[in-house]
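Below, each structure is written out as structure tokens.
Each of the next two complexes has chain A plus one more chain, namely chain B in the first and chain C in the second.
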Partner chain A sequence: MGRPVAIIGVGQTYHGRRMDVSYPELVREAVMAVFKETGLAPDDIDGVVSGTMPSMMEGIALTHFYFADAMQAAGKPIMKTETCGSTGVSIAHTAYYWVASGVADLVLAVGHEKMNEGNSQATMTTVAEPFYQRYFISGAPGVFSMQSQMWTARYGIPEEKTRDAAAFISVTHHDDAFDNPYAHIKMKVSMDDVKNARIITYPVRLLDVCPNSDGACAVIFASEKMVKKLKLKPAWVKGVGYRGEEYFFGDSDKVVWEAAIQAAKQAYDQAGIKNPRKELDVAEVYNPFTFQEMLFYECFGFCELGESPDLVLKGTFTRKGELPCDPSGGVLCTNPIGATGLIRVAEAALQVTGKAGAHQVPGAKLALAHAMGGVDQFNGIMILGSEL
Partner chain B sequence: MTKEFRTIKTEIRLPYELAYGETWTRFFEGLQEKKIYGNTCPKCNRVLVPARAFCPRCFVDMDKWIEVSQEGTLVAWCYTNYKYYGMPTEPPFIGALIRLDGTDVNFLHLIGGIDLSDFDEVRKVVKNGMKLRAVWNEDRKAHIMDIRYFEPV
Partner chain C sequence: MARRVAMVAVAQNAGIETKDNFYDQAYRVTKEVLDKAGMTRDDIETVVSASSDVFHGGISCANSYYWETTGAFLKNASRQDGESLFALFYGAMRIMSGHYDTALVISLCKGSENPPNDTCTLMYSDPFYLRNVGLTETLAAAFQMRLYMEKYKITEEQCARVAVKNLRNALGNPYAHRKGRYTVEDIIRSERIADPLTAMQCAPKSEGMVAAILVSEEKAKKYTNRPVWIKGFGSSLDSYSIGDRDLLKGQLSNAARRAYKMAGIKNPAEEIDLAEISEPYAFQELMWCEDLGFCKKGQGGKMIESGMTERNGALPINPSGGVLSNNPYVSRGLQRAVEAYLQIRGEAGERQVSKKVKTALAHGVHGFAGQCHAVVILGR
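This part shows the complex of A and B:
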């Protein structure tokens, strides 16, 4: 795995509809927060990695140029990493590899998105080529709904049970978001509200879907030498995993989803994790859609294939359950896409350093962060621990 | 109420002319003739549709062309009932993954030929595993929408 690497500080913006600031000002808000948190200055930083979802979303190409000033990057190596929804975890991986390789001791990773300034689903549609797939995927909800529909059909899970489990996830995550000061949607919803919400892309209804959020997140990755020197509480990177698969949506199985399974396996092997449900204390699973979150539980080995709705309804993955998932309220309540994966990493770091505040999982020592992207093509994992 | 700050409205329009290449020229010209072509990977022997220039798993050139069945089985579907800017297909519509008989991947297209106005009615008709068959447009342009949709057999 190369040299040991730790996260020594995170900064987030207040996510939501942020038309009160320009896009560079939003990026600056997160960057200033992480400098304040760590006491570091731009001169200390060896390199900067940033990213967004596809540039069609921004309406401005090469945003790492546009935001170079906001990221205080003048005179430093700077790189953009872009893998659609999994961008945030890919940014974290890039920063991690820079430090692990020995070429840098302190790297600033910044993810950002202003979803309210562009058009998210029109952008997502441009991820599909115009010869064949573009006419059928109806943005992100269409793809993920087909995947979810295939999943319930594969295991013969009664429609009413998946509906109940999805609604349960929506209700608990919306409740959790009240304890996260940075979360976007803070709204009390009931099981009936979710189950009777308007159909967006069957089986997905309005309250099964994430919002369009504006937000940014900044994270500083450090070498062991700098961790010792700075004496900041570290969240050590215990494992990383990333997998892509074929481009065409119909070419590979999205129920027993190898990209998700193998990305998790790579990270588990590095971290020495054999039984993730027992060994992990908390997970920040990328969950823009309630149904898809359950599929990830299965692919990450949190439970058997087809078993997740039963465990969801038992409360296994709630904040008081055996493996709390998305205690921050998750992507379902906050989704500034280029930042979202990095927010999962930041939240995992906050949990294992005991800094998650009102949504802290007591005593959390080992956490998983995840993001997914493309037309169901990419999955990235980072596992963080309180001990080296 | 805090002060509202100004915004600027802007738009980017860029023209593109994208090459089909030899393989997809042949595939899409096949659609114009009401034929759906796949081809076979010489290494893994999978039949892929649409036909490909190379196998995405074995990375070798595809060889044998075959006209595949216009009937298949429904693997996954999604009833879309929302609209966004530039959406190429008018909602409501049903996007679907269909395993055409004798092929080894799922073909992405639409389900049609049924009343889509009432979702509860759609739910009664559309079932995973049902048989579907291609319905062609009269005016064909060597385009994926030369197939109007797949209808229940």
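This part shows the complex of A and C:
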């Protein structure tokens, strides 16, 4: 690892269907929140990292222009990081490297999305290759449903068990979201509600899927010198991992998913983590689909391959379990895509600094944040800790 | 600067149109730069690309599409949108952080498959106020040119001279899209696109896949005995609304100040031997020269008349032909850096300047009338 870098403050919008604000106002809400939280002013910032989903979703191209003023970035050095769904974590990585390189001491990272003014599924269809794959890989659920089918088939997991485990994840995350003031969907659901919900793409049902949210997130990264000077409680960056793989869906194994396995391994090696289930206190896993969350548990080494449904049903990953996952309610309850990965990082920072409020995991010291993107292609990890 | 970073190899494939499809073209440039460095894909630890979604690339989440063809398969890679010099900075920062020793930086823009430049730049305008009036990069540049001419008594002839110089310089550049011997009259008499801008003063729409390999100081010796060091870089973003901005007092001086500070440059006019500047509109080369501190404010016109910015002048500007001769939108900044690298190494072929180049500046710009600038200083 290079120069030590820490997160010293996070700001989020109240995510949801935010028709009360324009898109720039939404961005400004998150940015002002982090300035209020840290007591810093825009003049203190050495550089700004911006990112979203592609322009087709935004209704405007090169969004760093449009949000320059909302991000308080006019007159500042800027980076524009975009890696599809993993954008949020990639923004955090860019801010991290910027400070770790010694070029900057305070970097503001901003991710945002106003999904209710765009068309996320139409946009995602234009991510797929236009000549061969676009005809059948439309939107996100198609790809992820195929992946979940591959996964259950590979390990011979009975359909009933995966349904129960997926429903269990949906129920617990929906419950968790009540304790997160910023979460979008706050709805009490039962196991039966999830299992009987409308089918989106078999086996994925409505309550297995994330919503379309409007939301923004702003995070300030600082050098060790600034952490000491500002005396703000730091969440130190302990590991940064990222991997991407082939574009054509079907070229690579999405069950023993190397992009996820190796991204986590890179971050674990930097953080000195050998047994993630034991050593991590909390994880914010990118979980737009219940089935995929289980697959990530396996690829991140939280359990053995094919074992996750059993552990889910035992409660291993609930807030009172051995390794609480997505105590914020996760992506399943809040998904403003360009912000989502950064929200995972922000939530992990809140947990290790003891500021997560009602959804705090008591005594959390080491946390994992994750995002996924591309045509089931990219995985990015950031590990944060309370100690340097 | 904590840890020094060297450029050890570059490659480009640019011009009006290639027969290769996007995939093959990206692959060939990637392979070429690796071969030139004497590397294989295994020697590359991280990849940072630059591209633009949909409007300048034909596909959303552009880096999903070209991930493996740029050598990034199962590597830690990332991407910058809109400006390729950002990718160069990011690659350098990844090495400076101590995490990596080698980085491949690549920018991808296949202009021949893209819609017209201003169909794309219209999308920078917000959908509620500006897009309705059709504000594009060319219109914004025309506003800026008129202001510049009126405030500093710059003439149309002085602006046209930039195109004359750069298109003539491009005759020596095999990667140039547009080139030729033109007179000031030819330039001014070409079709009036947005008064006072004429067609020959606006950059074309070109292809440009441009790559560079960056290596840490410790490893640089292994790959070359003539490294070109990244001495400093800086960028600056302007306010969004064009009416909120002073188009004659933009962000380039901020971006340059940051790069000069990092590189320890006190007097750019004397310390910089050559500059490759992004001038999508001819007059902008004059304005940017002023903002970069090569001459006093308002003296850009006199500077070009003096002949000092010619290929064999005291301070050659755009000996490659610049963006007026080849304009792969996102890639143009990195292409300037690659040209500066070749000049420093004395490998620029027919476009090599006669003076010795020790320190060179490369510049990238995107957006309306210089909305966002990026500057990098390279040196021996």
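Here is the rule we use: the second predicted complex is superposed on the first by the 388 of 388 C-alpha atoms of A that agree within 3 Å, B and C clash if a C-alpha of one lies under 4 Å from a C-alpha of the other, contacts with A are read in each partner's own complex, and residues count from 1 in each chain.
We take it that contacts are C-beta pairs under 8 Å (C-beta built on N, C-alpha and C of every residue); 3 or more make two chains touch, one makes a residue touch a chain.
Note that the coordinates shown come from a computational prediction; the quantities given were computed from them, not determined experimentally.
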| item | value |
| --- | --- |
| Chain A as common anchor, with chain B and chain C clashing or fitting | fit |
| Touching partner for A:Gln377 - first (chain B), second (chain C), both, neither | second |
| Partner chain(s) touched by A:Gly59 [first = chain B, second = chain C, both, neither] | both |
| First, second, both or neither for A:Gly139, with chain B first and chain C second | first |
| First, second, both or neither for A:Glu246, with chain B first and chain C second | both |
| Partner, of chain C and chain B, that touches more residues belonging to chain A | C |
| Contacts of A:Arg3 with chain B and chain C, given as first, second, both or neither | second |
| Touched partner set for A:Lys80, first chain B, second chain C, both or neither | second |
| Lowest C-alpha to C-alpha distance for chain C against chain B (Å) | 5 |
| Chain C-contacting residues of chain A that also contact chain B | 59, 129-130, 246-247 |
| Contact footprint of chain C on chain A as seen in their complex | 1-3, 48, 51, 53-57, 59-62, 64-69, 73-84, 90, 93-94, 97-98, 100-103, 123-124, 126-127, 129-130, 240-247, 258-259, 262-263, 266, 373-375, 377-378 |
| Chain A partner contacts - residues on chain C that touch it in the complex | 1-3, 52-55, 58-68, 72-83, 86, 89-90, 92-94, 96-99, 120, 123-127, 234-241, 244, 251, 254-255, 258, 262, 366-368, 371-372 |
| Touch list for chain B against partner chain A, complex | 2, 4-5, 7, 10, 12, 18, 20, 24, 28, 48, 50, 56-57, 75-82, 84-89, 91, 93, 95-97, 105-110, 119, 123, 128-129, 144-145 |
| Touch list for chain A against partner chain B, complex | 19-20, 59, 119-122, 125, 129-139, 141-142, 145-147, 149-150, 153, 198-202, 246-251 |
